[in-house]
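Same chain, two partners: chain A is paired with chain B first, then with chain C.
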Partner chain A sequence: MDANNVARVTCPACACLCRDVDLEFDDRGDIVHTYNACRKGAAFFMGSYRENRALPKIEGKPVSIDDAVKSTVEILSNAKNPVIFGLDTSSLETQVLGVGLARKLNAAIDDTSSLCQGLVLERIIPGSMKTCTLDDVRDYSDVMVYWGSDPANSHPRHMSKFSYFPRGKKRQKGWETDRMPICIDVRKSNTAGVCKKFYKIEPKGDEGLINDLLLSLDGKIGGKEIGGKGIDGKEFAKLTNILKKAEHCTIFSGLGLVYSLKNSIKLFDALIEKLNEYAPTHVIPMVGHYNMRGMTQTLYDASGYINKVRFSDGEVDHGSQYSITSTLQGKEADAALIIGADPVSSIPLKTSISLAGIPTITIDAHETPTTMISRVVIPAAITGIEAGGEALRMDGVKHELSAPRENKEVLSDAELLKRILEGV
Partner chain B sequence: MVSKFMIEPEYDVTVVTVRDIFQSMYAGDKFGADYQNHSAVIIFDESDMRKMSMADGGRVKVKSSGCEVVLTARKSEDAHPGIAFMPNSIYANALIEGADDTGIPEYKQIGVTVSRTTNELTGVRQLVELQKNVELHV
Partner chain C sequence: MEIYQLLPKTNCKECGESTCMAFAVKIISREHGIKECTPLMEDSKYAAEKNKLLEMLKPMEDAGETGLIIHDDKCFGCGNCVVACPVNVANDPEGAAIGDGPSNDKVILKVVDGVVVAQNVGECRRFGKNRILCNACIDPCPSGAIEFV
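Moving on to the complex of A and B:
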């Protein structure tokens, strides 16, 4: 904190992890102003620590944090088939503790990546898909493809800090002449509105577009043959050309692309491989939660898999049967520990609501639909405001999070997990 | 499709989930009016709205197999007949069936029927309570 009560912090409101956010505090320690943050980041810093805070509860009744932790230890120790879910909004240190707990309990462990960017991250993290950092994008990328992603809404400063507007080492002329942003989406999103090229496809049209691109890159089909699929033939030929001639191309894969491809993700592998025959082409998944990249890396380092893991007496099993949706759909879990996640809001309700039928413990800073149906609720400090740590940005670059505001009424999720680990 | 047995006609629409910066601003309080008002929203193509005689800001009942929510209808600035957009939230997740063998739910092609209604918006707590009762009493 400087003499003007201003502290420079890293913003954990999305996986851009902007490190240039300034917070101004009043004499009571309240945040009264944010500088440099986007709307989303500013709302996080101004509002999240004040409102809707979770309180320690067992079966809806207020208890002490000690009692909530004791009850958690009892539930998890007695469970035969526990599942741990979340940790995408926790520090790397907390994630390591969470994975350690899963190992100790012989539990299944999964995070939100199994419902979204996991398909891309399981290629990026082991190195089978070419990637680069956001700093590389700023310095070198001349072609940026926002494919099924809409950073203007999901990662508001992505384009201004890294991918479109800034000048970089080899992009000194900036966005006007040095960069070609392309958006591929099913709708004219806000991102599409500022891109120089927009290709509107039909829902689930990604597979067809990739197939056409593969043929077109090899010169097997020409412009006009693409007509009728929603993209003008001439414009499609231009797209092929731009991608082929790029000096440094980065594709920002969004949920639109991942959800559309699912089992056909291998087509995307083929496209990236083919594009690299012509131009250096990289992929950065538009990870949402600020440390989902960290969680997938942490679990990969511990088990060889980025998500959907089951520990069993030191052995590791992996497969879609351990995804949170499969585990809950099959009603196999007999206890659940949810850490910094809200599956009742973020996965199909018909599936997530089965958490109401088993002893569910939720560690969260806020009351959520998931705390509403949890048997035990343990409040946690907000990482990035009340607790520090480290996190991986969407491109895997490590950043430090600070704790500029003290809150003595709550413990960090790392401290809570340490206490649970000691007890089980 | 119009059912002759309904007072208000029902129409088939495909819902695609999207992100919305304004909704994400209020994600710290999912029971707050701001979050609910930015989440309980379905955005229609203008010609679809005319066909369904729906007003921008009016209420619509959105149904999928087994779940029903009341949302605010909004007019899109873009043309996308037959397709509607919803911010990703508990409301969209209430309409989605479970996941297939990939573990990934069908967020980009949710088949729903919509009809006009004068009912109140479905609240987040109400939605959770309803589903919880279904879960605990089957």
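Moving on to the complex of A and C:
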């Protein structure tokens, strides 16, 4: 490693935002080696800026950036019910601009959180559910529960940097004796394989498990009564006991849990409250996109809601009718601005078809299925490689992003939004 | 025991051990290399046994003296082994021990280009006179990428 050609950066390939990644460059400035980044981070730094870059286009034909921006301004200015979606992989500064644009346009604004961690984030951000930082977890947590989450695959360094293996202030003896990692999932994931306890539940079995935990915490049931959920009664009693006696417990809620609690999230509220009667118990949502936490916080600061918001003449309206799936399926939306997101790959087909039917503008660094159905495509710099900014880690802690390969040829999404804001 | 069965079993002592059995045991503990059995290497009547043994012991040689093999294709680069290894912890209390990337070159395991690589393997607890059966990098590995042969 030649120290002259090395830069320390923050990795935005997941919401762990690891700050100890070293990049090594060759003479042309290309990134040729990564140090400390996991496989996912290494692929991001060495591959993403070279491959599959988006080009400015209108209706599939190459145009200049200026023309693409002009067309965007026209479409958005003429729309009565525009929709803005995305911003989870943008800097905080860009997010503020995006929310400002929604306000100016009287637009509906939503992000991927409405399809995933929104249910937990709308408790964590206003403070109604107890949470802590990943640094607290490293320093204090003796019990950590990966519930419906599989960090080994989704956030590879989560366990090594924060939640299981590192030494921390009150966790000096090492992972063998200091920590009790527990995995609750419908299948034996890679994460389950390294946890000291694994509880395999049936699909949608989370609700039943919570109900049983609520009862057993108060000593109302025990032993054999649990059998039906696929968990052995004795093991279940152990789980109850571990949670009750924890010095500092953190539950990492994953999509597996969130999806299965869609209609019964209040039960999870009750469980966290009940657990806190016995032991300090915290929840950290396993946010995927590196700055989804930032987007939900930014929108919350501006409107009082984390997602699914509609601005109209300074007033704020909120509700499921403003989720990306509802606005598009309701056929009301007459233009869409997608920023750094690929909804076509994640929303139901019907919604994608609606999106293809209205003038859609996509700002993205890469070609995606969504850019392919968009009327206007505007390429953006890759935040974290070509443009800097700030972002919130999954636990809400702010980190500076680096721009180790600043690229003046591509505008950042912040610069693009500024130009659009000036025009509309 | 497979290694013993393939040795000349003449107890000729050329390898410095008094019996072929003793030599076989020390092959496994890495105190001898198979090439130290000169009759096996040089006498053509043992050619078949020699080839079989060389083939059998190849992974041990690839793995170097500690027997550590990393399967790059499986590794997630998660760093669990980097942070869990007691030698890394002792040699880098301000880096690997607290979950960060190694801050000095005295560690055994570190992650380069998204996969783990080993260096300073002589420091590994499975090596040397006071070796112990340390599993601190294997147990935390979510992908089964680390193996000792």
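Note that the second predicted complex is superposed on the first by the 421 of 424 C-alpha atoms of A that agree within 3 Å, B and C clash if a C-alpha of one lies under 4 Å from a C-alpha of the other, contacts with A are read in each partner's own complex, and residues count from 1 in each chain.
Just so it is clear, contacts are C-beta pairs under 8 Å (C-beta built on N, C-alpha and C of every residue); 3 or more make two chains touch, one makes a residue touch a chain.
This is a predicted model, so every value here is computed, not measured.
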{"item": "Touching partner for A:20 - first (chain B), second (chain C), both, neither", "value": "second"}
{"item": "Touched partner set for A:340, first chain B, second chain C, both or neither", "value": "neither"}
{"item": "In the superposition, chain B vs chain C on chain A residues touched", "value": "B"}
{"item": "First, second, both or neither for A:350, with chain B first and chain C second", "value": "first"}
{"item": "First, second, both or neither for A:167, with chain B first and chain C second", "value": "second"}
{"item": "Chain B versus chain C as contact partner of A:43, first or second or both or neither", "value": "both"}
{"item": "Which of chain B and chain C A:384 touches, first, second, both or neither", "value": "neither"}
{"item": "Chain B versus chain C as contact partner of A:86, first or second or both or neither", "value": "neither"}
{"item": "Touching partner for A:153 - first (chain B), second (chain C), both, neither", "value": "both"}
{"item": "Shared chain A surface residues [contacts with chain B and with chain C]", "value": "38-40, 43, 152-153, 156"}
{"item": "Residues of chain B touching chain A in the complex", "value": "14, 16, 18-22, 24-26, 28-32, 66-67, 76-78, 80, 83, 85, 88-90, 93-94, 96-109, 124-125, 127-128, 131-132, 134-136"}
{"item": "In the complex with chain A, residue positions of chain C that touch it", "value": "75-80, 82-84, 86, 89, 93, 97-102, 110-115, 136, 139-143"}
{"item": "Residues of chain A defined as touching chain B within the complex", "value": "38-40, 43-44, 47-48, 51-52, 114-116, 119, 150, 152-154, 156, 186-189, 203-204, 255-256, 258-260, 262-263, 308, 320, 323-326, 329, 342, 344-354, 356-357, 366-369, 372-373"}
{"item": "Chain C partner contacts - residues on chain A that touch it in the complex", "value": "20-22, 33-43, 46, 138, 152-153, 156-157, 159-162, 164-168, 174-176, 190-191, 193-194"}
